[in-house]
Amino acid sequence: MNSLVLLVVLPLFAAFIIPVVAKFSPKLSLFTGPVVLCINLLLIMSAWIKVGSGSEAIFLGGFLPPVGIVFYIDHFSLLFSGLIAGMVLIVWPWDAKESRLYSLYMLLSAASFGLVLSADLFNLYVFYELLAVATYGIIAASPISKVPNSSATAASLRYLFISSAGSVMLLLGIAIIYTLTGTLNIAHLATMTTSLDGFAGLSAFALIAIGAGVKAEMFPVNSWVAEVYGTIPRQLSALLAGLVSKLAVILIIRMLLMVFQQQAAFDLLLVVGMLGVISGEMVAWRAKDMIRMLSFSSIAQLGLIFIAFSIAGSKGLWIGMALMLHHLLVKGGLFLMADRFAGHMGKLKGLAKHSPMAAAVFLVFVLSLLGVPPFPGFWIKLLLILNLAEQGGGLYHVAIATILLATVIETAYIFKFVRILYQKADADSTPINKNYSSSYTFAKLFALILLVSMLFVSPISNHLKDIANHSASPHIYINKILPTKQLGDRS
Amino acid sequence: MTFLDHLFIVVFISLIAISALRNLRIVDKLAPVLYGLILIMLVRMSSVAYGGDVYLSSVSLDLLDFKMHWQFTALSWYFAIITVVAALASAVFMSGDWGRQYREQGGNYGMLQLALIVNVFSMILLLGSGDLLSLFIGWEFVSWASFLMMVLSPTKLAKKSAVKYIVYAMTGAMALMVAIVMIYSVNNSLEFKQIGEVFTQMSTSSQLALVLLFFVAFAIKMGLLPFHLWQAIAYAETPGPGAAFLGAISSRMGMFTIVLVIVQFIGLGGLKQLGISFVNMQTLLAWVAALTTIIPTYIALQQHDAKRLLAWHGVGQGGYMLLGIIMFDSIGSAGGLMHVLNHASYQAALFMTVVAVMYRTGTSDLNKLGGLVTQMPLTFLVMLIGIIGLAGLPPMNGFVSKWLVYRSLLVNGQPLLFVAAVLGTLGTILSVYKLIHNTFLGQLRLEHQNVREVPWSMLVPMLGLSIIVFITGFMPGLILPWIASVQESVGLPVIAHHLGGIEYAKGGLDMIWVSGILFYGFGVGALIFYFLGGKSKRVHQYDNYAGGHFLTSDVRYHYSNNFYPGLMHLIGGWYRGSFKWLENSIVSVVSFFSIFFENIYRAKQPVMLLLIGVVLALFALYRNLGVGA
Amino acid sequence: MNSFFTIEGILYFGAISLSIIGLFGLLVSKNLFRMLLSLVLFEAGANLVLVLSGFIRNGIAPIFLDGNSGAVMNDPVPQALVLTAIVIGVGVQALALSLIFRVKKHYGSMDMRTIRSKLEREIATQAGVTPPGSNEAPAPVKLVKGEAHE
Amino acid sequence: MNALHLMAELIFMPLIAFIVGMMMVLMMRKIAARLQRRIGPPFFQPLYDIVKLYGKDTQISHGLIHDIGIIMAVGGYIGAEILLPVPGMEGIAAKGGVITLSYFLMIPSLGMALGVGQCANPNGSIGISRALTAMLAYDIPFILVVFGAAWHYQSTSLIGMIEYQQMHQWGIVEMPLLAIAGLFALQGMLGKQPFEIYIAPAEIATGPMVEMSGKYMGGLFVMQTFQLYTAGVLYASLFLGGGTSFLTLLPKAFLVVALPMSIAFMFPRYKTEDVIRILWKWPVMLALISLAFIL
Amino acid sequence: MTKYSALLFISGLVFLLMVITGLLPMGHTPMLVGNAILEGAKDQVGAANVVTSVVLGYRGLDTLGELSILFAAASVVGLVLTKSSFNKHASNNDDKHDHHDSGFVAVNAIDLIFPLLLVVGMYIITHGHLTPGGGFQGGVVLAVAFSMLVIVRPRRVSINHGMVSIIESFAGVSFIVIGVVALFKGQSFLQPLLGHGEFASLWSAGTLPLLYLAVGLKVGAELAGLLLALNTDEVAS
């Protein structure tokens, strides 16, 4: 089991040697990354089988927690690890010339693996920052062909400022937690929630949530989304919107589920989630081009995920996880095929005639996004709303109303696009951009997965429920990571 | 395997077959046969409509802890048979020459057939729903199926109105979802009977919210005020027989759910206890219904497009259905329910006549037609029967259902509602006369000199529907047992009926007599006319007197535009776009917030947002938690 | 509530003041380079708060020398953490600096606002739409032909 | 009710109605003449008119619907008067109530509209548009009156209403305001001044009757006789207690028809929209006030 | 406007942070982990400088992550500043004016202290497990030494970019290899190997000095690379 640390180490290793390898053989350096990711996938699969329905902890450096860093492995983290490997493989920059970019992608995947595996607060911060730096780099280094090179840089810079400020907030939160408890191990923190339930502890959570929320497209701190997604290649947007945002969410919910299971924390997430949903949908409603629409729709979906996590206990994790996976598939797929639909929406007329398959795939995605039965999106939304209703409390009811209102607005703008796709072509419309066939293939694959999962709603949901039940339980977490509570156990 | 399973299987096989073969010519012949088959399946289940047991489906789905099952009650059966007959008529109508012309004009005929069967499938699924979740799913299916049908028309307006429709439909679906969630959150069950139980347990405000949410959801589908704006254009722009089918039955799914949920489980007592002083929920709904009869009817009066005019009447007639059912007595609810069938029959027939006219002349603009009666006499006959039905004059079936509604309003002492209903009827008479006058009467245009009657493939369904209009008007007792079973199954008082109509202590109705007297009157009139007078001479249409002017074919003067100037002058200002204004102002409000949020997202200094977020979050926590020791 | 008039109170006060000054600078300065410098201050303040979390009154540096066995030592962990944090900060700042160079070269300006509006325009041009938030009134609802008279 | 009785009703009721109706026409014309200081027509003048029109040589038809329109116009009123209960002939009236009757009263308008429409004369169409608008105008107060009466008598059957009045008091005594509103509606229904624009008898060339010649016009004359009879008897049944025999019923009916005729010449003619305005204002208000008392 | 609202919210934040600080156990923190480390470090890791034990032992992965961040930053800077026409454009303009040596004092002073800086840097690196300092600090000194050389004599001295990248790769790889060797010896990643040696002597604390050497080289190379990359540009002028 200890070898699972290779998930993080191998990509780092690859990142370090790629520049040197590239000096001798650029071809080899291009393939290093995918090979490493495939090895990682194999590792993940074998670990998935080995872990079974239980979980494992890896003590790095052989130091027993809480003094050392721990990796915690269960199906939840393995699931997301697998998604990371798959997603990075899908968006791997095959046509890039610079070997440093491959390094950055490897660093990004290493950081992502670290983020889902690590059970140490400061270690999470380090990986978060590594993810951030790699992201800035990838954004700045890979603008889309038509944009002046530097607008991606400018977007990246603006992103950097807010994200760094967010990181400082995150760091402040960590400092407060450490001052209060004297430990950074999340399991250890979970044993002493009593010292964290006051104003100081919760404000640490708020700082962490908002700090990490920058990456998670949380409401007030997501102004970068439109700028960044507007300037980078769509495959990269798929990666950022589909995956990277989820990783930041995972950081937040780790803290929430293990340490801060308190109503005030849930309410905080609920409020930012609601604001995110409504603001995202409303701005997307005014969007005149596909990318901007997808960007803001992504904000709204992340808001939905936050709302889901505001449901206490394993149910929140269950629904939130389903939402995350669904959004990963849908938004990832939409961004992957967005190059076929780029440009002002008025120019998309007649595309359905030109490429009925693409239009159909698009339709499948958006229908599921809207939550139309029998697509998986419907079941998730239904579960979300039913469970919100069970929570009671006025805020949750407001959240239901918000979600439903947002769905209506979402219908309005999405079908504005659908309507144009199915209109007759005229002189103004541009033919489909056929250059991105590989990402289109992946988009079709995503749609297929979505359709197949429609048939297996119940088993998938049961499986997710099991995973969530296991992963949302602080007891299992504590017992696994702190087998012997040798230190200052206050609980 | 129960009968219901057989029905579902047949419908599903039809769906598969038509979608697989939709681009082949064979679908022309196949589709009517399949609808016939579905009809036979339904007829086999007809015992439910004569007081028999409910049909249960042996299929039930366990999805995510929710149990979904399906059933067919008398109510479902009643709506299903209307649906299938309307679909059969539409399929026959489009199977022949109309379909050929549609193909030649570049229409996607296969998609139209597919849309029709998808609609039938989803409606049967909705009608057969056995719990709230299957209801919701069926509900969404119906919305999307209608959407599919609407977007088939290539015009920009059609697509725009279809999108508008889907936004409305989604709003309704979301309202329905909230209502379902409210019910689920009380007892964690989605069975229908929970509605009633939960309702009694709720606080008054929750009850009010529940009823309003359900009503909004259903009202949007049915196009009741103030949610009526989407319907007319969307239906009118749907291609040919699709419009006939949608206009006949699609929006009546709202009526089905109103009966199923509000009438059956919330009931009169539930509605009456909600409200302040003399305005209770029943009054409110009744007035919604009354206004729905009036306002869309007078909007229809303004239209100069035949399909648009009919579609607006479709909206207006929905008001009668609700008005009847909301009275909760045996006569009124029978009227409301019966009006669904009656409306479906004549509305489909009327739409088909308009489509037939379009088939021959290429236009449905009332200002560009006229005098076609000599060219298309059978179509004229169908339209005449249809408009008499629509206007609710004896001896057609529209009269029976409206009579029941009026009778109920009278018995219940609702003079204002009564007047409102009559106002709707009178407006309808004016409007349908304009329709038939501008299409078939008056001067024949030069370019229509060679127009011929439409082929039999189109005439047969039209004539068949008009026979239904007449027969069910002449002998409403054919339908009334179904209505009685529906009333019994949803717990309403059951109407006492016989073949000619209803028995009622203080003045009943016997349509056989009424029709008989009317035809006797006509007979006497004809006697006086033909046997007492001399032989008349047929003259050419243009050979008429114009006070010194000679109106020839060069000087065409068919009085069609602004047909009722006096009336329009008087009431035109009253309804000039006030609902449009409402709709636009909602859009404006959303725009306002949208721009507001957009400006937030365009912050010059994003870190400011971070700061504000952090400060507000911390401050909220500070206020909430205080600074404990 | 503790008193602020102790050595650690003053230290905390200083650290927080430093980061607040940085944050304020980040907010009010338009020049990109000044913003970067403010960010440096902001991070420095936060690092100070972090390292203070290991501060023990009368503690000594956590290094085992011959003479100090038994003495109260400061917490070594925050010191290690802050070391990491500082290096991370350096990396980010260098990166930001390089981005600023590029941006300056391209836009010929270091003003955040100018850059934002130019960036917005570029994105909009690329997407083929008008830039968002132009100050015109909300677009009137356009009537498609035939929609009037309802 | 046996078949013989039924046959008798079916045959005699239109006959009676025709004869009484012609007498009413005569009375009307007499009243008009006296008010205009003329002597007026002889007794059989209405019959002469009809015979003359039917006997004309040139009978111009514009098509089948033209004929059918006239038949519907006449037939509708015949059907309506058959539904009226008159002394000794109440069998059929029990089959349909006052609602059915008021619907029957709309059929002639539609029939005439169809007939006129087929003539393809724009002036006719204009007249019909006015006629239908006027129908909209007078039917609202009329239907309110019907409603009030039916509610008050707790019956929608005219027979029941008459029984009630026989047992208690006449409707006009118990509901004077409603009765006045009914008179207004009657004025409109009969197309008398000031609500006569849609018939426009004075300018026949530009009214709905423009294409009616010979037996078509004759048919409309016949219709008028039935119309007057129906209106008179209906009003008498609603408010004047009907009658136990023709001797008590017919004077009431004549009175009902004479009354609007007598006041008609005091008024000018209203425009179509003013017709609506007036009829939706005063009689409706009266009827509503009255309903407030009744309900 | 921005200023005032910033001031408003900043003062709010100050207030809230003060409240939070007031709630913190200032000066007498719980130190659960800290105490455990202080107790166990001598036996478990064997470095006299406990901070080094933490940096390379207990939290070795953090250090690896941090190195990766530096590496990422350097890669990005390289990507951003050497891409496309950027450098060409810059050098065309400015070759004549700015790329000449600094004055006499600077040049000679640097010549004088350059070897000194190298020695000091290496010393700090190699004694990181004993005294304050270590790979980072020493690496920075090394980087400063080299970059100063370039700054004062831009034309004569040039640092081979290839060399720098090979060094940084090598350093990073060796850090990982040391960790992975531990892993394959059946233990955990980055577990200290090679025994503890004599406490508080140069050859103690197992692999820690090696790791610190790798860190030092890596940091030195990265920072030198960064400074050089930034130095090629004239934007700041």
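A, B, C, D and E are the chain letters, set down in written order, and residue numbers restart from 1 in every chain.
Assume contacts are C-beta pairs under 8 Å (C-beta built on N, C-alpha and C of every residue); 3 or more make two chains touch, one makes a residue touch a chain.
The structure presented is a predicted model; accordingly, all values stated were derived computationally and were not measured.
Trainee: If you check the contacts of subunit B and subunit E, which chains show up for both?
Mentor: A, C
Trainee: Considering only C-beta pairs in contact, identify the chain pair with the most of them.
Mentor: B-D
Trainee: Just the number, please: Cα centre separation of subunit A and subunit C in whole Å.
Mentor: 23
Trainee: Need the CA-centroid distance for the pair subunit A / subunit D, whole Å please.
Mentor: Inter-chain centre distance comes to 79 Å.
Trainee: If you average the CA atoms of subunit A and of subunit E, how many Å lie between those two points?
Mentor: 30
Trainee: From the mean C-alpha coordinate of subunit B to that of subunit C, what's the distance rounded to whole Å?
Mentor: That pair's centroid distance is 60 Å.
Trainee: If I count partner chains per residue in subunit C, which residues reach a count of at least 2?
Mentor: Where subunit C meets two or more other chains at a single residue, that happens at 1, 23, 26-27, 52-54, 75, 77, 81, 84, 88, 91-92, 95, 99-100, 102, 105, 112, 116, 120, 132.
Trainee: Residues of subunit A that contact two or more other chains, please.
Mentor: Residues 122, 126, 129, 133, 136-137, 140, 149, 153, 158, 161, 165, 176, 178-179, 182, 184, 198-199, 203, 226, 286.
Trainee: In subunit D, what residues contact two or more other chains?
Mentor: In subunit D, no residue touches two or more other chains.
Trainee: Can you give me every chain pair that touches, using the contact definition above?
Mentor: Pairwise, the chains that meet the contact rule are A-B, A-C, A-E, B-C, B-D, B-E, C-E.
Trainee: Per the contact definition, I'd like the list of subunit C residues that touch subunit A in the complex.
Mentor: Spelled out, the residues of subunit C in touch with subunit A are 19, 23, 26, 32, 35, 39, 42-43, 46-47, 49-50, 52-54, 75, 77-78, 81, 84-85, 88, 91-92, 95-96, 99-100, 102-103, 105-107, 112, 115-116, 118-120, 122-123, 126-130, 132.
Trainee: Under the touch definition given earlier, write down the residues of subunit C that touch subunit E in their complex.
Mentor: 1-2, 4, 6-9, 12-13, 16, 20, 23-24, 27-28, 52-57, 61-66, 73-77, 79-81, 83-84, 86-88, 90-92, 94-95, 97-102, 104-105
Trainee: Under the stated contact criterion, what part of subunit B meets subunit A in this complex?
Mentor: 62-64, 133, 136-137, 140-141, 144, 151, 154, 156, 159-160, 162-163, 166-167, 170-171, 174-175, 177-178, 181-182, 184-185, 590-591, 593-595, 597-598, 600-603, 606-607, 609-610, 612-614, 617-618, 620-622, 624-628
Trainee: Enumerate the contact residues on subunit A facing subunit E in the complex.
Mentor: Residues of subunit A touching subunit E: 2-3, 5-6, 8-9, 12-13, 15-17, 19-20, 23, 58-63, 66-69, 98, 100-101, 103-104, 107, 110-111, 114, 118, 122-123, 126-127, 129-130, 133-134, 136-137, 140-141, 149, 153, 176, 178-185, 188, 195, 198-200, 203, 487-488.
Trainee: Can you list the subunit E residues touching subunit C in their complex?
Mentor: My answer: residues 2-3, 6-7, 10, 13-14, 17-18, 21-29, 31, 33-34, 37-38, 41-42, 48-51, 53-55, 58-59, 62-63, 65-66, 69-70, 72-74, 76-77, 80-81, 86, 89-90, 130-132, 136, 199-200, 219, 223, 226, 229-230, 233, 235-236.
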